[in-house]
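Read the structure below first, then the notes.
We call the chains A, B and C, going by the order they appear; numbering starts again at 1 in every chain.
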Amino acid sequence: MRFKKLAAVGIVGTLFLTAACGSDDDDESGGDEGSEDSGNDSAFAAPDPDTEATLRVWLNGPDTPQTMRDYAIETFKETYPNVTVEIEEQEWDGIVPLLTTALNSADTPDIVEMGNTQAQGFEAAGALVDLTEVEGDLGGDDLLDSLKEAGSYDDKFYGLPLYAGARVVTYRTDLFAASGIEVPTDLEGFVEAGKTLQADNAGTPNFSGIYFPGRNWQAMLSFLWDAGGDIAVREDGEWVGQLADDGSVDGLTTVQDIMENANQAPADSDDRNDYIEFCANEIGMLMGPGWKSGQIAEECPEMEDKLGVFALPGSDGAVAPSFLGGSVVGISAKSQNTALAYEFLKLISSEGFQTQYAEAGLIPNQKAFLDKVTGSPGAVAQAEAAENSRFTPSSEFWAEVEGGDILQDMGTAIGNGDDVADAASTANDAIVEILNQ
Amino acid sequence: MRSSLGSRVFANGLALLLIALSAFPVYWMLTTSFRLNADIRSPGPEFLPLGGTLENYRSVFDSDNFGTSFANSLKVTGLTVVLALFTAFLAAVAVSRFRFRGRVTFLVMILVVQMVPAEALMISMVKVLEGWDLRNSIIGLTIAYLAFVMPFTIWTLRGFVNGVPRELEEAAMVDGSSRLRAFFTVTLPLVAPGLVATGIFAFIQAWNEYTFALVIMNRPEKETLPLWLQSFNFGARGTDWGGVMAGSTLITIPVIVFFLLVHRRIAAGLTAGAVKG
Amino acid sequence: MTTVLSEERTVPGPPSASGGTPSPRRSWRPPHLLPYALTVPALVAIGAGLGYPLYRLGIMSTQDYGLRQQFGAPPEYIGFDNFTDILGDTYFWEVLRRSLVFCLLAVALTMVGGCGVAVLLGRLGRVMRTALSVSLLLAWATPALTATVVWQWIFDTRFGVVNWALTKLGFDYEGHSWLAEPLSFFTVALLIVVWMGIPFVAFTLYAAMTQISGEVMEAAAIDGAGSWARFRDVIWPAIKPIFVVLVALSTMWDLRVFTQIFVLQEAGGISTETNLLGTWAYREAVTGNHFGKGAAIALVMVSITLLLTVFHLRQMFRQEEI
C-alpha cells in the first residue's frame, strides 16, 4: 500500500517536475512583438561600432551563393569588427516546423529567411519584429510589390524581400528554327507554337512541345490571370473564391488544351526534374523559374547554345501575368540583437548586395535594381516578367492551401482529362474553406 | 539436425529468393550511387553500373558536416541503445519476476504511450528540452529517442525474460547470490538474443530518425546524418539523387557493421543451464 | 519432463524467497522495494521526455491552438470542438476506413511473412543464414525515405524496372502509371511497408525461437512429429508472447504509416484519394499549424489503436497472469 503510494508520487512527481521545468516558455509569458527596448526608434538605433556579439543568420537552400554570403560577412565586419556573423544554411524541407520551434526559443537565430507563402503565418503569429517604422530605410516603396505584400501583415511590415524569381519560358532555339517558329508575341501564338512543335517532333519519344506536368500550378496561374480569373479576393473581410468563375475556367481550359495536345508529361508529376528531361531532348518549351536555363546548361553543357528564354506573352501582346516567388527575411521577435540585425538587413537590401542576386539570375528586391539584371537571357526575361507579377492570396493560411496540395490535385485532375469546371470548383471550395477559417 | 535433401534445397532456394527480393532495392540504391544524375532517370534500366562514376561519393565526402553529422549520429545512437537496453532490462525483469501492485498499470501505460504519434508531441518536447537547456545537445536528443524506443523494448524483453525459467535464478540464489546479482549473472546472458533484437531495433530507430533531430538539433554542427542527407534535396531545384543514394549507402554501412558484430548472439540460445528432468 | 518454456507456474518456487508467488491464504503480500526500484529508471527515461508533452497534449486537444499561440497569444478553450470537428468530418471516416483496411493487410502480411522467414532462418545453414540476415538487415536499415524513393523508381511510370520487365515479357505496360489509381497506389505502398516490416518481425521472432532448447526440438523430431506439428506444438507456444507484442506494435505503426505514403504522394496520384491517417493528420495539423486539432487527432488515433489492440492485450493477460 505504502509503496503503491510512493510509486504513484514518484510518477506524478516526475511529471510535475518536467512540467515545471518545461513551462519556462509557457503561453502566459506572452510574446511581445518588439525588441527588449520599448518599441520606438531606439530599438533600431545603430549600435556602437565596438559592440561584441554573435549574429546568427539562417539562409535556406543553396539559392544565395557562397560568394554573396562571404561578401555580406566581410562588409559587415568593416562596420562592426567585433561582431561574428554566422550564416547557417538550413534546408527548405521541413523549414516550417523548424522555424516554429526555433523562433520561439531563447536560443533563436537572429535573422531567418522564409518563403513568401510561409511568411504571413509567422507574421500573424508575432514571431517577427515589426519593421514598419524603418521600412523606408530598407527600400520603402521601391520594394517589389508582391514580395512586400508577402512581408506584410495587417498593414505592418515584418519581412524584407530578399530576392524573387518570376516564371518564364525556356525553349529550344534549334527546334524553333527547324519548325520555322518565331518567339510568340501573344498567348495564342504560344499555344500554337507548342502544338506545332509537338506535331513536328512526334518521332522523338516522350516529346512535349510545351512540357506541362499537372502539378505545375504556378505556371497555370499565368493562364488563369491572363483570362481575367483569380484564385480568391478579399471582400469585406471574407475571402471570396474565384477559381470557378468564367475567367479562371477559361484560362484552365487553355491549360488543358496544352496538356492534352502539346504535352506528354505525366499529369501527376511536378516540374522539379524537368531539366533532366530537357537534356534528354524531350522538351520543346518549358515554363519555369528564371534560373532553369542555368540549371540546364550546368547539367548538359552541350545544350547551352540551343537555349533561349522569353517572358510569356499575354493575350493582349504585353507580358502575361506571372507568379512571383521569392523569399523574405525577418528578425526574430525573441532575438537579443535586434539593432544589429537591422543593420545587417540594411546591408542585405543595399545595392552592393542585391545586384549580386541579379548576376546570379535572380530578381533583386527593389525596382531600381531591375535594370541591373543582365547576363543570362533568363535573367532578362525574368525582369520583364516581373513587371507584371502577381501573388497568391495574401493570407496567413495560404501555406496550408499549398501544403494541402489543393492546386496540385486540381492540376492533376485537369491533366487527366476531367471536366475543368468541376475540378476548379472542388479546388475552389477547399481553398475558400481554409482561407476563411 | 537432420533434414532431408529435398527440404534443404527448398529452404535454400527460398532463402535465395528472399535475398533477391530484400536486397534488390538496396542493390538499386548502390548502383544508382555510381551513376551520373543525367543517367539516373533514363529509359532502359542498367543493372550493372559499367562505366560508373565516383563523383557522387566525392560530393558526399566534400560536403560540409558529413564528419560531424556522422559523429553526432554515432553518439546519440550509441547512447540511446545502451541506456534503452539497460533500463528496459531492469523494468522487464521487474514485471516478469514480480507481481507488484501497479504492474499491469505500468505495462498498459507504456504501451499506450507507444501509441501516441510522435509528431503530435514534437513541439512540447522541444519546450521541455529547452527548459533543461538541452536543445542542440546529444543528451537532449537521446532523451527524446529513449521515450519512443523504450516501450517496445520493455515489452519484448519481458517476453524473453519470461522464457528463462526462474529456477535458474533461484539456483544461483541458493548458492548465495543476491536476487539482483542473479538477474545480471544468470538471466541477462540468457536473454542475449532478445537484447540483440531490441538493440538493433533501437539502433535503427535512432540512426534514421529525422523529424525530432530536425527541430532539436537546429545548429549545423549538431545535425545528425538524416538531416545531413537532406542537404542533397534542393527543393524546387530538384534533388541530387546520385548524392542521396551515395549518402544513403554510407549511412547504411554502420548499421550493417553493428549487426555483424552482434548477430551471433541471436543464435546463442540455451546451450547450458537448461533444466533437465 | 523438461519444460523450458514460459509456463511460469509449473514449478512453484520456495514461498519466502521470491516476492511474487501468489499465496492463496493471504491477500496481502509482504511489500518488496526491488521491483519498484527496477522500474524507476525506465519511468524516468520515458517520463523525462514524454511526461510534460503528454500532459500538454491532453490540454491542447481542448484548445484552439495555432501558430499565434505558439508565439504567445493566449489559447482559447473550446472544449470538445476539436473532437467533434474530426468525428463529424466525413472525409475523416473515409480515411479511417482506408487506413484500417491497409493496416489489416499490412499486419497480416508482415506477421505471416516474418514468421515464415524466422522459421526459415532456423532451418538454414550458417552461411545462408548470415547471407539472408544481412539482406534482411539491409532492407530494414535503409532510411525509409531513401527506400521508398528507390521503390518508387522501380515502379516509375517511364523509367521503372517493373514496367520494363513486364513489357519485355509481352504485356503492354509501357508508360503504365502505378500511382495514378488509388488501388494500384496502395498496392505499391503495401509492398513497401511489408518489405520494410518483415525483417524486424523475422529477427525478433527468430531470437525468440532460439530460446527453445535444441533438445526439445530434437525430441520432437525423434517423436516423429512433422514440420507443421513441430511448429504448432513446440515453436508456436514459445514465440506466442512475442508474436502478440509484435502484432500490437505492427498494428500501431501500420495504422499511422506516414513516410512511405507521403513520399509516394509526392511522386504521383491525387493526394485526397490516397491519404491515410498519418498523412491526413500531417496535412491537417502540421502544414496548417493547427496544433490543438493535431493533439485531438493524436488522441483519436490512440483511442482507435487501443480498440484494435485491446483484444490482444486481454488475451495476453488472461493467458499468462491474473
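Keep in mind that, in the parts below, contacts are C-beta pairs under 8 Å (C-beta built on N, C-alpha and C of every residue); 3 or more make two chains touch, one makes a residue touch a chain.
Note that the structure is a prediction, hence the values are computed from the model and not measured.
Asker: Of all chains present, which has the mean Cα position farthest from that of chain C?
Answerer: Chain A.
Asker: Which two chains does the highest number of contacting C-beta pairs join?
Answerer: Max contact pairs: B-C.
Asker: Return the distance between the CA-based centres of chain B and chain C, expressed in whole Å.
Answerer: Centre-to-centre distance between chain B and chain C: 15 Å.
Asker: Rounded to the nearest whole Å, what is the centre-to-centre distance of chain A and chain C, using the mean of the C-alpha atoms as each centre?
Answerer: Here the centre of chain C sits 38 Å away from the centre of chain A.
Asker: Taking each chain's centre as its mean C-alpha position, how far apart are chain A and chain B in Å?
Answerer: Computed value for the inter-centroid distance: 38 Å.
Asker: Counting only residues that touch at least 2 other chains, which ones in chain B make the list?
Answerer: 41-43, 100, 123-124, 127-128
Asker: Of all residues in chain C, which are in touch with two or more distinct other chains?
Answerer: Chain C, residues with two or more chain partners: 36, 43-44, 48, 52, 70, 158, 286.
Asker: Give the residues of chain A touching no fewer than two other chains, as numbers and ranges.
Answerer: Residue numbers touching two or more other chains: 1, 3, 7, 18, 21-23, 97, 100.
Asker: Over in the complex, which chain A residues touch chain C? Could you list them?
Answerer: Result: residues 1-3, 6-7, 10-11, 14-15, 17-19, 21-23, 27-32, 96-97, 100, 103-104, 121-122, 124-127, 206, 266-269, 333, 396-397, 399-400, 402-405, 408-409, 412-413, 416, 434 of chain A touch chain C.
Asker: Across the complex, what residues on chain A touch chain B?
Answerer: Counting only chain A, the residues touching chain B are 1, 3-4, 7-8, 18, 21-25, 61-62, 88-94, 97-98, 100-102, 105-107, 205, 272-273, 275-276, 279-280, 289, 291, 295, 299-300.
Asker: Mind pulling up the chain C residues that touch chain A in the complex?
Answerer: 31, 33, 36, 40, 43-44, 47-48, 51-52, 55, 66-75, 157-158, 177, 179-180, 265, 267-272, 283, 286-289
Asker: Once bound in the complex, which stretches of chain B touch chain C?
Answerer: For this pair, the touching residues of chain B are 1-3, 7-8, 11-12, 14-15, 18-19, 21-26, 28-29, 32, 41-45, 83-84, 86-88, 90-91, 93-95, 97-100, 103-104, 106, 108, 110-117, 119-121, 123-125, 127-128, 143-144, 146-148, 150-152, 154-156, 159-160, 162-167, 170, 173, 179-180, 190, 193-194, 196-198, 200-201, 204, 207-208, 210, 226, 229, 241, 244-245, 248, 251-252, 255-256, 259-260, 263, 266-271, 274-277.
Asker: Name, in rising order, each residue of chain C that touches chain B in their complex.
Answerer: 1-6, 8, 11, 13-14, 17-20, 22, 29, 32, 34-36, 38-39, 41-46, 48-50, 52-54, 56-57, 60, 70, 117, 120, 123-125, 128, 130-147, 149-151, 153-154, 156, 158-161, 164, 195, 198-200, 203-204, 206-208, 210-215, 217-218, 221, 227, 238, 241-242, 245, 248-249, 252, 256, 258, 278, 281-282, 285-286, 291, 294-295, 297-298, 301-302, 305-306, 309, 313, 317, 320-322
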